[in-house]
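Reviewing the structure listed below.
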Amino acid sequence: MKDVRPVIYAVFCGALLLAPFFLNAYWVDVLNNVGLYAILGLSLNIILGHAGLFHMGHAAFYAMGAYTTAIINTSYQIPVLWLMPLSGLVAGVAALVIARPIIHLRGDYLLIVTIGLVEIVRIALINNVFGITGGSNGIFGISRPELFGFRIRRPEHFFFLIWGFAAITVFLFHRLENSRFGRALNYLREDDVAAEGSGINTAHYKLIAFVVGAVWAGMAGNIFAAKMTIIAPESFNFWESVIMFMIVLLGGRGSIPGVILGAFLIVGLPELFRQFATARMLVFGAIMVAMMIFRTEGILPPRPRRYPAAVADGGGDGP
Amino acid sequence: MDLFLQQLTNGLAVGSIYALIALGYTMVYGVLKLINFAHGDLFAIGAYLGLTLLTTFGLSQYLGPMGVVIVLAVMVMGLVAVVGAVLERVAYRPLRQAHRLSAVVSAMGASIFFQNALMLVYGARYKVYPHDILPKNAVSIMGFEIPLVRLLVLLTSVLMMVALYLFIQKTRIGTAIRAAAIDQRAAKLMGINVDRVIMIVFLIGPALGGVAGLMVGLYYGQINFTMGWMYGLKAFTAAILGGIGNIPGAMVGGLLLGVIEAMGAAYISIAWKDAITFMVLIAILIVRPTGLLGERVADKV
Amino acid sequence: MKKMSVFMLVLMIGLLGAGSALADDPVRIGLMAPLTGAWASEGQDMKQIVELLAESLNAAGGINGRKVQVITADDGGDPRTAALAAQRLSTQKIVAVIGTYGSAVTEASQGIYDEMDIIQVANGSTAIRLSEKGLKHFLRTCPRDDEQGLVAYQTLKDGGYKSIGILHDNSSYAKGLADEAKTLLDKDGANIVFFEALTPKQNDYTAILTRMRASNPDVVFFTGYYGEAGLLLRQKMEMNWPVPFIGGDATNNPDLVKIAGNAAAKGFRFLSPPVPQDLDTPEAKAFMESYRGKYNGEPGSVWAVLAGDGFRVVAKAIEATGSEDPGKIVAYLKNELKDFPGLTGPISFDAKGDRVGDLYRLYEVDAGGKFVLLP
Amino acid sequence: MSLLQLQNLTKRFGGLVAVDNVSFDVPEGAIVGLIGPNGAGKTTVFNLITGNYRPDRGDILFDGRSIRKLPTHRIVHLGIARTFQTIRLFPKLSVVENVLAGRHCRMKAGVIAAMLRLPAQKREETAALAEARAEMAFVGIERDADQVAENLSYGNQRLLEIARALATGPRFIILDEPAGGMNDFETAKLIRVIRQIRDRGITVLLIEHDMSLVMEACEQLVVLENGAKIAEGTPGEIQENERVIEAYLGVEEE
Amino acid sequence: MGCDGVMLQVENIHVRYGRVEALHGVTLEVREGEIVTLLGANGAGKSTTLNAICGIFKTTEGAIRFRGDNIHTLPAHEIVTRGVAQVPEGRRVFGTLSVRENLNLGAYTCNDNARNQSNLQRVYALFPRLAERAGQLAGTLSGGEQQMLAIGRALMANPKILLLDEPSLGLAPLLVKAIFDTIREINRSGLTVVLVEQNARAALKLAHRGYVMEVGRIVLEDTADQLLANPDVQKAYLGGVR
């Protein structure tokens, strides 16, 4: 059987690129949401898919990024997109501090602690912690982003911003996966005793996985804040974390195409089911169960990395 | 001191309900290593079914308050147990050989399904239990008053837990459940039908969750279709706190969680109550990574 | 692969469905409401009421002979979904949109409608700032938090309470109201012994009540929603704590009494715009009659009724201006519409699009569990 | 000169003394066998050396330096590699990736270098891959490079574990029952591999039940029973040792 | 076939784990009253064969007949009910249950209280240590005691055939001797035994007949004495010592 995947990916990318010229603002915005969650899913995939850490609190880092952007933009009028690195940094540093004491927890214990984390963050935001989060009102009046003097306001504009960032994410994360770092995460996921015994500092890599995932979630938070212009604690509740978790697992742990497909399914399907009105989430729930039963390892599980056949020069591998 | 004792009873009442639900999580986890995310929704189903049975059969016309409660409890337990067993058969059994996380997604899907099914069947508004089922008076114990109903809730849950504990510890099937939780293959070699054991676990856990739902309905009066998430999350927290897979742990974890919540609200901050609870949980897990009564499993190399 | 193609097929059908059905005959009015999620009960009420009104309007010949079509979108009660719903509605050639419930949710959609020149009439979004942004096409049929805060302050002051406890639920709305009232009371030097937030949707509030009781207030002002209020009243009675409770307008829902029980609810007072049940205007009576006829019950909340009022003023403005031009309609609503007979009393709007007039009444629950309008 | 020195090592698990005051030296460049009945504490000694367990008493010197308190990955970095008694590969990953795991600790590229695929990172990857392939060829499994590890035969899985350990660039390698599950042919090959490892200048310490392998490959033996050392010497000496025969080799009853 | 007191007949069975086939056609038989040993290196498929007989692994081809009935289609718990008990490799006692509870679980398929009681007494007589430690958690027992418990637990099922998987693993030589003596004793009392052992010499001394497995196949079959004398077996499994 010939490998048809590259063809499918190319067709998909082409269709996606053309989509905003054919779809109305609503469907473009649906795609924007899909893109945003694809970025979030990819960032969680590093932690959950590659390192195998049961992390169900990713919305906490997403929130930190969004709030960093919102607070600084509204208080100092610094252009939104300039704040993207800072948002990532804040979330990353927070991850570093928070994850260190809990990283040794196993499986479900880590799961509940990360759920706790996202609840603590949300409650702190609601209670207007340090007097800067605006409490349950959230923060409003975040300015629209500008890129090279162009003001991004319409869904079609955001489409290119979000999917552009998603493309960069895919590009970088694909390289990351196929590197020493990506392999190290897989080793510790498969067997952390053996990984440690092979000379891999497992605690360090778990932590770094958390940090990389958090940095990206923070940057996604920046885009979210820019897109919504208002953010409120309820946008970062436990359910958001669950959505990201499901995206990774449904699509396929550790698989970039899988995660993107997962984002399409988890975020996109409920929109398709709008004709079911109030029953749409019911249908969605049932479909999730069915999909898991038919594809137990996720819909597009990762494929093994390939390495150049013989001892040849020119390392790495093509995408 | 008075305030402290008062808050202690407040906490124990809430905690006993968490504990009942937590038992379902922990039993399923014990045997299948699966977090049944739909368990909270089974609890909500119990609450709704209780209301339906109560209003359609007009039980209170024929029976005294205790009679109503008992008949209702038996019926709700039976029905929710069936729902639980069907859930296992449809959503979990096909995934038994798969990675644990795959079953988690299935569980989340089931949870979404149940929650929205409740909304579609019963509507999105709060549903309210009739007020005249249980006596409203309070009893005075050691100088302060405790509503009778709360005592009843506490008592019933403790009774259920003791019954479950005895069932698990003393009966043949209970021992089989424990055996299957420790080592399924060895259990099979003992002639235990592990599929049947799992089915039983999926009958008992949801039955207890269902009866907890009924109790919430009877005690607090108000139920809504999203209640499963909140209670489910709390009960799961309780199960982890006690050490997941461990039945006494779930009971201790549930009661303790209730007390922590009440004390957090009483002495620190009401608004931060849930955050405080989670902070305490994290602190406990940092010190005892497998929960209060969980076994410390040394890594065999 | 097979599953993929099924998926693609579903996607196609969805896209086609979204693109088609654009026949341009009826007047199209949007409704954005939380049909799922935590506030689904409000949203479903809103949908019922607006659809009922549209039906009777169409039965009576529509607007200037044209039928009205209501296009509903679910905002799920959360800002992100709301932004999507707004995008979706803005592609449906609607003149105006009614909704929604929740200030943060409304806010997430405001900019989108404004950019698309679609009139938005919010029904349950009371945050002050929503109408302070200078948006041209934004109006609301509900009063603002500051107005209610003022009424609450008056009521508490008139009651002559020496020590006051304030409890909210940390929702944007309840916190806003609690803050408004507290600011005014503080200015007056009132003794606020308790100002805290509970966590909504948790059935047991005994810990909070126990703690409040220890601070010994003469009255408790609860700004949260009826579900929690009912439980608080019920559990307060179980504790034998006789302190009077006063609620904000979010407690105006008959389910409150159902939850608390008549005995516990008796004597509870709350502030609210009047619901049609309590008005003897012909509009209110007619509405109640048709509502009971169709849904066999009473509307749950005043917010849903306010959505109905939103629909009615928009229909009125389209009829009066004979145009679908948003500028003309908004101008009519803000300048010419005076004391329009709404289901919740007379309706007029100020230049910001806020509803004017002192709308708030004080209600008390009687022994039979009925809401009685106090003079 | 002794590369590894165990000094009065003691390890308890609850009430059980798993390793009881054990001392012995491993000279650089030797092949040393650690034998004894099941449950004698051999694997525990290995786990103490590699930092999987912490000794209750005693010290471990590697190249004169105490490694008692170091975490496992640091010990690997210093040059001690190991295999496991119950094979612990990364079963779902390919053979070459398994070997690359060993190479990991000799590489430097971080997250950013990997994302940007800097020239230094590329060179490093290429070199690591070459090293990995060399180690696979060394143990003779290069043809299975792209197989998933769990699909290898039992014997080849053992060899793969050895290749992974060698890829860490060790000075000292610990093999825990390397011949377990191997047939004669494979065992013979293994003996050759072990000798070649030594010929590369790597010191070998191994646990093995297959006496033919032990007697053939090892230059020195240490015998444990019930956690304590009962004998030490050349294979010839051990075979004559009454105590060892009684405790471990078994008395023929014919 | 099926006559001459053949109790267990395994005919050309294949077993796969996922994509890998672990057994490629194993055929063997066990006659009533025999001790049959199954020898071979790690991974040769000995344990897999036992687990296939017990229904833990399903066969993809071939048949297993126990006292004339096909059992390879039955679920594991049914096979136990028919009288096939296994002492699994690594003992697999229920560590957090007491010794007594472990023994009771052994009798799970048998509802006859009186018989269970007499079986219990028999087990206690065989292993007095278990009686002394009846209330103790099984996980706290020493390796040898756990092995006794695992055997005792299997005997509680009132089996007609006992499958033992590496009962000497991890045991000190003296204990190994005791366990082997017990196996002999059990066999003399009329129970048929299949023994998988790494300690080939000891196993062959105990057994009547033996099979040698290599990578999922039976490669040799003979009486124990013949196998013991066979130089190939000597070299492969009895070690180079002496």
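Each chain gets a letter, A, B, C, D and E, in the order it is written, and its residues are counted from 1.
By definition in this document, contacts are C-beta pairs under 8 Å (C-beta built on N, C-alpha and C of every residue); 3 or more make two chains touch, one makes a residue touch a chain.
Because the structure is a prediction, the values reported are computed rather than measured.
Note on connectivity: the fewest steps through touching chains from chain A to chain D is 1. Most remote from chain E, judged by the distance between CA-atom centroids, is C. Interface comparison, A-C against A-B: more C-beta pairs in contact at A-B. One finds 35 Å separating the Cα centroids of chain B and chain C.
In whole angstrom, the spacing between the mean C-alpha positions of chain B and chain E is 42. Between the CA-based centres of chain D and chain E the separation comes to 32 Å, rounded to the whole angstrom.
Work out the mean CA point of chain C and of chain D, and you get 72 Å between them.
Those residues of chain D in touch with two or more other chains are numbered 52, 84. With touch defined as above, residues shared between interfaces to two or more other chains in chain A number as follows: 126-127, 193, 278, 281. Contact of a single residue of chain B with at least two other chains is seen at positions 116, 119, 271, 274, 299, 301. The touching residues of chain D, counted against chain A in their complex, run 50, 52, 71-73, 76-77, 81-82, 84, 88-94, 96-97, 100-102, 104-105, 107, 109-111, 113-117, 121-130, 133-134, 145-146, 148, 164-165, 168. By the touch criterion stated above, chain B contacts chain A in their complex at residues 29, 35, 90-91, 94-95, 97-99, 101-106, 108-117, 119-120, 233, 236-237, 240, 244, 271-272, 274-275, 278-279, 281-282, 285-286, 289-291, 299, 301. Contact residues of chain B toward chain E in the complex are 172, 175-176, 178-179, 182-183, 185-195, 295. Interface residues of chain A facing chain D in the complex, by the touch rule stated above, are 172-173, 175-176, 179-184, 186-187, 190-191, 193-202, 208, 212, 304-308, 310-311, 313-316.
On the chain B side of its complex with chain C, the touching residues are 3, 6-7, 10-11, 13-14, 116, 119, 123-126, 128, 131, 136, 138, 145, 147, 149-150, 216, 219-222, 224-227, 230, 261-262, 265-266, 269-271, 273-274.
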